[in-house]
Amino acid sequence: MTAGSNRFGAAIGWLLPILILLMWEVMSRLGVITENVLPAPTEVFAAFLRVLKSGDLARNIGVSSWRALTGLAIGGSIGFALGLANGLSLLSRNITDTTLQMVRNVPHLALIPLVILWFGIDEGAKLFLVALGVFFPIYVNTLLGIQTVDPQLIEMGRTYGMDRRALFLRVILPGALPSIFVGLRYALGIMWLTLIVAETISASAGLGYMAMQAREFLMIDVVVLSILIYALLGKLADSFVRLLERLCLQWHPAFQKTARS
Amino acid sequence: MTAGSNRFGAAIGWLLPILILLMWEVMSRLGVITENVLPAPTEVFAAFLRVLKSGDLARNIGVSSWRALTGLAIGGSIGFALGLANGLSLLSRNITDTTLQMVRNVPHLALIPLVILWFGIDEGAKLFLVALGVFFPIYVNTLLGIQTVDPQLIEMGRTYGMDRRALFLRVILPGALPSIFVGLRYALGIMWLTLIVAETISASAGLGYMAMQAREFLMIDVVVLSILIYALLGKLADSFVRLLERLCLQWHPAFQKTARS
Amino acid sequence: MAKPQLRSVETAPAPAPPAFSFQGVSRRFGAKSVLSNIELTVPQGEFVAIIGKSGCGKSTLLRLLAGLDQPDGGQISRAQTQPGQSSIRIMFQEPRLLPWARVVDNVAVGLTGLAGRAEAKARAHDLLAQVGLAGRDGDWPSVLSGGQRQRVALARALIGQPSVLALDEPLGALDALTRIEMQHLLGRIWQTQGFTAVLVTHDVAEAVILADRVIVLDAGKVALDLAIPLARPRRHGHPDLALYEQKILAQLFGDEAI
Amino acid sequence: MAKPQLRSVETAPAPAPPAFSFQGVSRRFGAKSVLSNIELTVPQGEFVAIIGKSGCGKSTLLRLLAGLDQPDGGQISRAQTQPGQSSIRIMFQEPRLLPWARVVDNVAVGLTGLAGRAEAKARAHDLLAQVGLAGRDGDWPSVLSGGQRQRVALARALIGQPSVLALDEPLGALDALTRIEMQHLLGRIWQTQGFTAVLVTHDVAEAVILADRVIVLDAGKVALDLAIPLARPRRHGHPDLALYEQKILAQLFGDEAI
Amino acid sequence: EKVTTLKIGYQKTNLPVIAKQLGVIEKGLEPLGVAVEWVEFPAGPPLVEALNVGAIQVGWTGDAPPIFGQSAGSAIVYLAALPSNGEGEAVFTKSDSGIKTIADLKGKKVGVGKGTSAHNLLVAALEANGLKLSDIEVVYLSPADAAAAFASDNIVAWAVWDPFFAVAETKYQPTILARSSDVLKVNTYFLANRDFAADADNASVITTTVAALGEAAAWADANRDKVAAAVAEVTGVPIEAQTLAVTRAKFAIYPITPEIIAGQQATADRFFGLGLIPSAVKISDAVWTAPAN
């Protein structure tokens, strides 16, 4: 495929979304799609301007992002630490891994009733759910990353006199990094998904609250808006991690290729 | 690591869960953990016997499993078909892939209010959510699998005179299969997670309904029981796919190793 | 360098009809000319080795021969083949076996469109025995060693009874001892089946021990066209071979110290 | 076969003190005896090649020498080294470069514990120039060709100025032309630095062109211990080398037709 | 041990919202050294769930949630009664649904929140028209889900309270089939966590809070014009709907009298009789009495 056909392909890809958007608007105006079912794109945009002006949007995005990132930081760091411990120490793995694999089968959103019992309905409960949701992808992929570091490289490091610390910092951690990033990107998806559900537990701010309130008051334009914002935030988080990945994994042929094309 | 230390490692892995279970029981009996916070394991077991006898359990598991599998069948087959189409046809990919990648950023659980508007509150809504949840992992991984089939093998097939059909059946599909299985296993996790949330939208049967009802009447033993059953069902589905994978991917060195160890 | 257009090989006194011939063939990629004005005619049944530095256009020449690529200028003519016989088969540098097909099915791929399933399987079974893999029919490619995989690929290329077999560095990935074994095998089968063989290789010793004629490519042109009129079987390390080897190496490296 | 315990090499009339010696060394894995009662003394500065069929214990011997593995019986003694000099370095069959470290940092790995960061980097820079990779300091290993990677690995092994350099099929993965280049490089550096070299190889021609002495391992024993008293530089394809080659091949294959 | 922060559960309507906006409770509790934290709930049942686990100490719900809660063994007590939702709670249907009376609902899908005051209204309205709950198809939905289901005609009728009723009323001009004020003589309640209320140290906190609510009620009654704007600011309810809701709301707070207990007990007994709750409850067991001092 030449560069020209590539560019054409990318252009044709935007055709469908634009077409859908236009159809949606036209059909809304003609009344084929009633406002009750789906508001027109222009109405959603009007809703966007409204909540933007009132300052609600910024505040709710701020609250939700804080929850998302704090939960990610807590669950992610525990998952990373346990992944490291179990990747580096056979004893630690023998003791804890079976248990963790058993807990992994529990869908974390099923725990909501128990989480309310244990953590109440405040931030604690929401953070716990997000943290639990992101814990497993990061734990599993950190462990996997360490376990699949090329043993030949480790033998090489030993032969050349590296001590445990140097071996970890110069061989094991960089080798596990691509897998850790896979886990992180998966965790981000779970993070937003969890928050959407967790913010319906009784919140008085946050995107989930905004969406819930809009649902209760039948403001479908705001409902659609909040969905779009979730999508945007998800995309942003993902793009950020991809950027980070590209920076940290410069050495990786996959990223050199991407950089070139 | 010798076989002996392996066996010891596996044994030590069961120590922690058993210890936790014992501690939990003892602390419940001593009243350190009150029934309001977490019922004792024996009580959960008693609840299990109770709902088992009343026939509720079998009925609810049946309903939930039907929803899960139907949603998986619908979303999975559409995802698979689109993945195939976009993997095999550049035109199809150019037209639809950008749109699909945009939609992918929408967390499907955020769509619940719209799904109620479009599909109502009956089975339709639940099936749609499950189908949407499983669609993307299967679509993305099918596409990825086809795109990463070794082009050298495809050239080989062409050189040896395979027509399009033979090329697809003998080279492309088997080559994409490992990736498709990865997508399927990820989809199963999403499937149960979605169902837990979807079954709180007005259901009169199903595990989610059982948990919801138990939650309303503060029957924490049943709440815990339903969480464990979710975990069990998740594990079962995963094990089934792993078995299937082992059968279909016999040729794969990863599975030959597993079979040996 | 002027080269004779048709050469008679010592072991074949009456010149055989040509299996294929390149007439003024050129191929460029973008601005880069890879092959320019190649003239080459190979009689049926001859064993030709093609040698040259990395990137000099050896694979391109083979792909042109096999019809996987089209020349920008000039003509390529090939002898007709009988029905049930494949015309030209390429054996790639990598085995390119289907990992999900058992060894016998991989060999049977060579009969796609030429024979039914059962017949293909039976013939594949026979050919596996010929390449020294009797009893390995049901194995997965992943359990074979590198040399065994190459033998499967060879069996797959041979099963269609091609009139011309093009081999693109078929032994490049093997260790030297397995390589010597495979060279013997290749030589033996060529002598039995009598197809035309075109072998691309990096290994000068290999070219000299197997071929009737060695072609050295350089800068997109035929830089040397050397007949090796030695009797077979030839023994590795024989002083006569060493002389030819040195001649080729001098051509490849210019006359820098080797 | 009885072999002399200490051999004098033609190019070094006065016998040098031994760099290492194996005295009755055995190694078994489970029930399988891989090396049995190996006796081998190598004088300082000698270039020894070890050759043998796959699985005969060549890598095991090298790992024992480097201290990566312990013998089940017998003794291995090694000469003392000066401070700031590493004693024994292995160069593995694969380059084993850290993909996430730039070329210069990969070479600096060879000075772990021997020099500070800045000094290690400066010396790595110099050594890269020696192996013909001047100006490639900042590249990632993934953009190098196979031969260039092997040269980086060689630089890493050399930078610690080892008294003994053990090379486990260092050129096995290379195509024949690059391989010839690397052989020249290795021979040149060995002549300059004067370390003891132990080269495991599958390629008989390679052994003959590089080594003062070729050891053939078979069934866990030293089957042949052959001095190659030819002057350097040696030219590929030279008839004298061909004679030694044939002698070794005869030993390896018994006397089946080769 | 007296609490230092009083967590109050509220919904998008009635007295607590007004008190929140006026800040009267904060003002009243400040001398006691108690801070206030407000927690919003979409409906009564999750509020009772939070009360039970002590995630909040006090909160306001309709009549049904504490009955469901008590039946489930929730640790809650009644602190004070407030007027019922009255005209601000109804069963209604879209005007083009062809349904004119409650009796027409037979066999139809009706959405209601399980264990809410609207649930009680629905049961009572059906009984008043000679129907049983099993004669219709009850669909249990949270206000958010019910709103969507009603909008897309997946339920024919909806039983809900203000401000959700008012929002739907302004949006659809629905046919109102029954209001709470027509068929029920009930109250709404200010509840507390049992352990919190049982602690004598907290008695002053409770009485002060109830008194502050009374103050808010008096202000609200006198300033109806300002109430709608004030409440809309807290809840985000569109102002037309909020005005409608406020206009028909009654603002007051009274102690739990034996008469009120009897009325609530009757409701509880009816629920038990219908099999809506798993065990019979005795309301008087869960009534807080201020320590005599």
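Every chain is named by a letter (A, B, C, D and E) in the order it is written, and numbering of its residues begins at 1.
Here, contacts are C-beta pairs under 8 Å (C-beta built on N, C-alpha and C of every residue); 3 or more make two chains touch, one makes a residue touch a chain.
Treat the numbers as computed from the prediction; the structure is a model and nothing was measured.
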{"item": "Labels of chains that are neighbours to chain D and to chain E", "value": "A"}
{"item": "Chain-chain pair with the highest tally of contacting C-beta pairs", "value": "A-B"}
{"item": "Chain C-chain D separation of Cα centroids, rounded to whole Å", "value": "34"}
{"item": "Inter-centroid spacing, chain C versus chain B (mean Cα positions, whole Å)", "value": "50"}
{"item": "Centre-to-centre distance between chain E and chain C (centres being mean Cα positions), rounded to whole Å", "value": "88"}
{"item": "Shared interface positions of chain A, touching two or more other chains", "value": "36-37, 117, 215, 220"}
{"item": "Junction residues of chain C - those touching two or more other chains", "value": "none"}
{"item": "Touching two or more other chains - residues of chain E", "value": "49, 53, 144-145, 148, 151-152"}
{"item": "Pairwise chain contacts, counting only pairs that touch as defined", "value": "A-B, A-D, A-E, B-C, B-E, C-D"}
{"item": "Chain C contact footprint on chain D (complex, rising order)", "value": "53-54, 169, 172, 175-178, 180, 184, 201-206, 233, 235-239, 241-243, 245-246, 249, 252, 257-258"}
{"item": "Contacting residues of chain D [partner chain A, same complex]", "value": "66, 68, 86, 89-90, 92, 94, 96, 98-102, 109-110, 112-114, 140-143, 156, 160"}
{"item": "Contacting residues of chain E [partner chain A, same complex]", "value": "12, 38-42, 46, 49-50, 53-56, 143-145, 147-148, 151-152, 163-164, 167-168, 171, 235-238, 241"}
{"item": "Residues of chain E touching chain B in the complex", "value": "45, 49, 52-53, 68, 71-75, 111, 114-115, 139-141, 144-145, 148-149, 151-152, 154-155, 278"}
{"item": "For the chain A and chain B complex, residues of the former touching the latter", "value": "1, 8-10, 12-17, 20, 36-38, 90, 93-99, 102, 105-111, 113-114, 117-118, 189, 192-193, 196-197, 211, 214-215, 220, 223-224, 226-228, 230-232, 234-235, 238"}
